[in-house]
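Chain lettering (A, B and C) follows the sequence in which the chains are written, and residue indices restart at 1 in each chain.
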Amino acid sequence: MKRVLNTVLLIVFVITLNFIIFELMPGTQASISNLVQNPRVFDPTQVARLLKLYNFCKEVTITGPHSYNCVPTTIWDRFSAYFVNMITFNFGDSFQTNKPVLHDMIQTGRLVNTLTLLGVATTVALLIGTLLGVVAAAKRGSIFDSGSVTLSLITFSLPTFWMGLLFIMIFANRLQLFPSGGVTPAYWAIKTPDLLGQFLTRVQYLFLPALTLTLFFYGGNLLLTRATMTEALSEDYSNTGRAKGLPERTVLFKHALKNASLPLVTNAALSFGGLLGGAIITETVFNWDGLGFWLFNAIGWKDYPVMQAMFFIIALCVIAANFISDIFYGILDPRIKYE
Amino acid sequence: MSENTSVPYSLVRFKRFFFNLLRNKKSAAGLTLLSIFVFIAVAGPLLTPYTPLGSVVSAQLNPPSWIVYFTGPLGWSQNAEFTGIKASSITGATLTTTSIGGDSASFSAASGASGGTVEVQKFVTWTYPGPAKRFVTSLSITPGPTILGQTVIATVYLDRFVGGVRDARWNIFDKTIDSNSTFEVNLDSISGDLRVRLGLSTSNIDPAQLIFSRQADYAYALELTLPPSANIDFSLQNFKLQIRGSTWGWLGTDQAGHDILTQLIYGARLSLIVGLLATFIGVGLGLVVGLIAGYLGRIVDEVLMRFTDMMLVIPGLPLLIVLVNVLGPSLTNIILVLGFLGWMGFARVVRSQVLSLRERPFIEAAKASGAGTGYITLRHILPNVVSLTYVNLALSVPAAIVGEAALSFLGLGDQTSVTWGRMLELARESGGSATNLFWWWVIPPGIGIALVSLSFILIGFSLDELFNPRLRRRR
Amino acid sequence: MPVLQLDGLTTNYRTVRGWVKAAEDVSFEVEKGEALGLVGESGCGKTTVALSILKILPSGARIRHGKIIFDGRDLVPLSDSEMRKIRWKGISIVFQGAMNALNPVFKVGDQIVEAIRLHEDVSKGDAMRRAESLLELVGVEPSRVNNYPHEFSGGMRQRALIAMALASNPQLLIADEPGTALDVIVQAQVLKLMRSLKEKLGLSMIMISHDLSIVAEVCEKVAIMYAGHLVEYGSIEAIFKEPLHPYTQGLLGAFPGIKGERRKLTSIPGQPPDLLAPPAACRFHPRCPYVMDICKKEKPLLEKAGSGDHYVACYLY
């Protein structure tokens, strides 16, 4: 119960923060007003609609092709309207396409693209990071241990986008093994191959961005797994397990890992925000048409509806991840009881 | 940490601490690396004669000169400049030089009855096995007033000499002069005019590639053809021709021919400034919040920590993007935003340390002797969280540097300054597509970021070991 | 034939600063149905000896010399898979119950079942029933098999550990500081349990403790260790009646007996040595009140002294 309340409180906090940033900072109103001067993108009806959507004006009357009259609202009016808009996922229209933000997000396949990339990278990074972390902890002080620690420290301190650029230079431009960007090849618009061909091509396009994001994420996971596993292996229950005659594998992966995974679950949730940040950058580097790339383009366009929506949705994802990890933690650790 | 210490800053202690830090292999490596970067950052302008985005040093997108050690010298060239100014009469004219040297010459030319021609030349010996990539010329001619009423034809040539004999001549400019006002001849081989003039309009060969393609002697020549019986003064300034080769310096050039090494040096400065300032703000805020929450406790603690937790959950990069976008992408804003988003983790650490310190006997004793909250916090608690501060300072800088680089890379960097992140953004943007990435432009900033991060991480880890006896023993 | 015979066991730990000589040239025997107490200060190598016998030493530790003859077979050269068959079925161990010897994230019953099914081909249900009766044997409500360790009290955890150690009917039970860190009453109950189990099941036992009086409750024989060396070895009566080694004398003075006459508590002056660079020859010589020149030059051998089955490594005798 307390957890749910906490989560609701967080969502309210995020919406409020979003509101403060976008509505009270100088620029938003001005830039919307400026759009009136740009009839190529906006006709006054649309501007009027937007102003009403964000509740800048109680009443908008269009007085000419580039001008309107506005009866301004109070902050509280705006906030309540904004709040309702956010929780009903009514984000307004994208400045780029004049279509609803939600449409641009889902129908264009961006959401699926991002989920694919994130899903693959997270799974691989968690698997590899945890596995290598366990082995490194088991062989503490060996060459394998110091090697994998050094490597993860390196990938940890290298900027994601730089790794992405390097991969493009090496694997796409020089070796021509993978495409340098995009989600699917352009010719699919004309002729789409059979399913197997589609799958293979998609994997080819996915490989470099997924590799980049995986490398971004696995290092921290490895280091943490190694630390918690080292701790767990030095606990008496690991010795009990060995003394029982359990094979080392069972001691490692059953007895020690279940204990060590507790901080890992928390960390995975906490680092989810960072992972999404990494996804934004990776998608940008590889022109991967997902939510992150969309957000990047929205920056260039000053597409505030999209930016707000993305910020809100990413924050929601992180909040959800934390909520889920709390529940997981409860399942993994019998010492925690929920009311 | 012994319990009777309230003055951790004596010089002796600092010396011993520093000595310990140097004795540790990791931190010694980190400190060495960092001092190199600090030196580069501080001495920046002394290390390079150029400015990062102002000076065009060579042709665009030149790889570093040392590339020849890997590919062999074939096909590569470097910059060259014409030197050795010389004025002479060719036919039917007498030349009286008043001054000549460097890039300028003043002379008067007198022609005979059938007219005459004088010539001013500079020379270069093209020794590189590969062709040049581009050339740029400059020249300003100021005729004396005696020109009025007469016409002089000025022609600029590039001549090639093989074995002392001219075997080719390219006419790159001509103009009829009839007034005594100064006029400028600034040619760039990349310009369309020159290509058309040399019949290269349809090919993508630069005139420089055509002309400077053989190892030979070249002359850059201005010919002035005088009408009969004229006596005219000429003053030439800036008589220069720079040949830009296909390689440059240590790290090559960018899209506009700027020196990448210079950008890297200036970038070190900005990246360090951004990283350090943002970290100071973040750590300072975290310290204040943590101390207040930990020491005051109760409702203040509850409210502050609830807020901290909320801020921790908000995804960092999207918030960063949004804030910088709203505030405007200036360096100051980026530093402020990075700082204001980087305090939460540290606040938590400080708070828990303060909570444990509060129970210690020496705080109790201070309280019992009537010391006020502020006094206890400043005098007894603060010195005991200083070690945490050091560690956190060191470990937060890389995050701030990478954060700034990420922002710049997303196009939200300060457009007027060159940081490592912005170099990478430019490197990516210039190609238009990802297929045009140039290693000498992409790799150095990334290595810079990685090494600075590494140095701080090494120092941070060893500080942690030094301050945290549990870790020290486990080694 | 003794159940277990240690012959010159030497186990070292490798650290960055060199080899730590945790146990050196340790020899003793445990007869069938007999309990041996292994006594010394913390860090003297008692636990190292226990872990060496089971060969579950942490990485970096190595048995460098000696034989561990269990049931007529030397364990030292055995491979890990062969060793696994001996663990628990042949030799089992009870760790300190106050620590995390039970895995906190698994049910107590499941942990006992795991031990049973590892060595015997029985169904889950049968194993669970056996776990219940084992818990009953050690005095824990059988229904608590479904509880997690954190739901147990310290004493119950120690009992559950003992129950688990008995899961595969071991020939030899090693008890590492049983009952330590529990309050005195619970500790006494645990010791009582150990003694009754030993009698009921005819167990051979090695009991490790820093407290001679605890060992005296259960064991017939005692081996005293100091800084990795065995310094005195003999029947409990002999050692209590006639402690020969100055260290044993000190130990006896340092603890009040649970029973027995009241004595003035004395402490041994000085610090236990650093095992990275232990004192040469007799390792006790820097703290010994009767130190002689030879103590600093040559290591004294464990030799028969006094009356009956009593050995000591000291030049005084």
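Here, a contact is a pair of C-beta atoms (placed from the backbone, for glycine too) under 8 Å apart; a residue touches a chain by one contact, two chains touch by 3 or more.
This structure is a prediction, so every number in the text was calculated from the model and none was measured.
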Smallest number of contact steps required from chain B to reach chain C: 2
Chain at maximum distance from chain B, centres defined as averaged CA atoms: C
Between chain B and chain C, centroid-to-centroid distance (C-alpha), Å: 68
Chain centre separation (chain A, chain B; CA means) in Å: 32
CA centroid of chain A to CA centroid of chain C, Å: 54
Of all residues in chain B, the ones touching two or more other chains: none
Contacting residues of chain A [partner chain B, same complex]: 9-10, 13-14, 17, 21-22, 25, 27-28, 153-154, 157-162, 165-166, 168-169, 172-173, 180-181, 270, 273-274, 276-277, 280-281, 284-287, 295-296, 299-300, 302, 307-308, 310-311, 314-315, 317-319, 322
Residue ranges of chain A in contact with chain C within the complex: 138-141, 234-237, 239-248, 255, 258-259, 332-335
Sites on chain C touched by chain A in the complex: 51, 54, 56, 58-60, 80, 83-89, 92-93, 95-96, 99-107, 114-115, 118-119, 148, 150, 161, 164
Touching residues on chain B, where the partner in the complex is chain A: 310, 312-319, 321-323, 325-327, 398, 402, 405-406, 409-412, 421, 424, 427-428, 433-435, 437, 439, 442-443, 445-446, 449-450, 453-454, 457
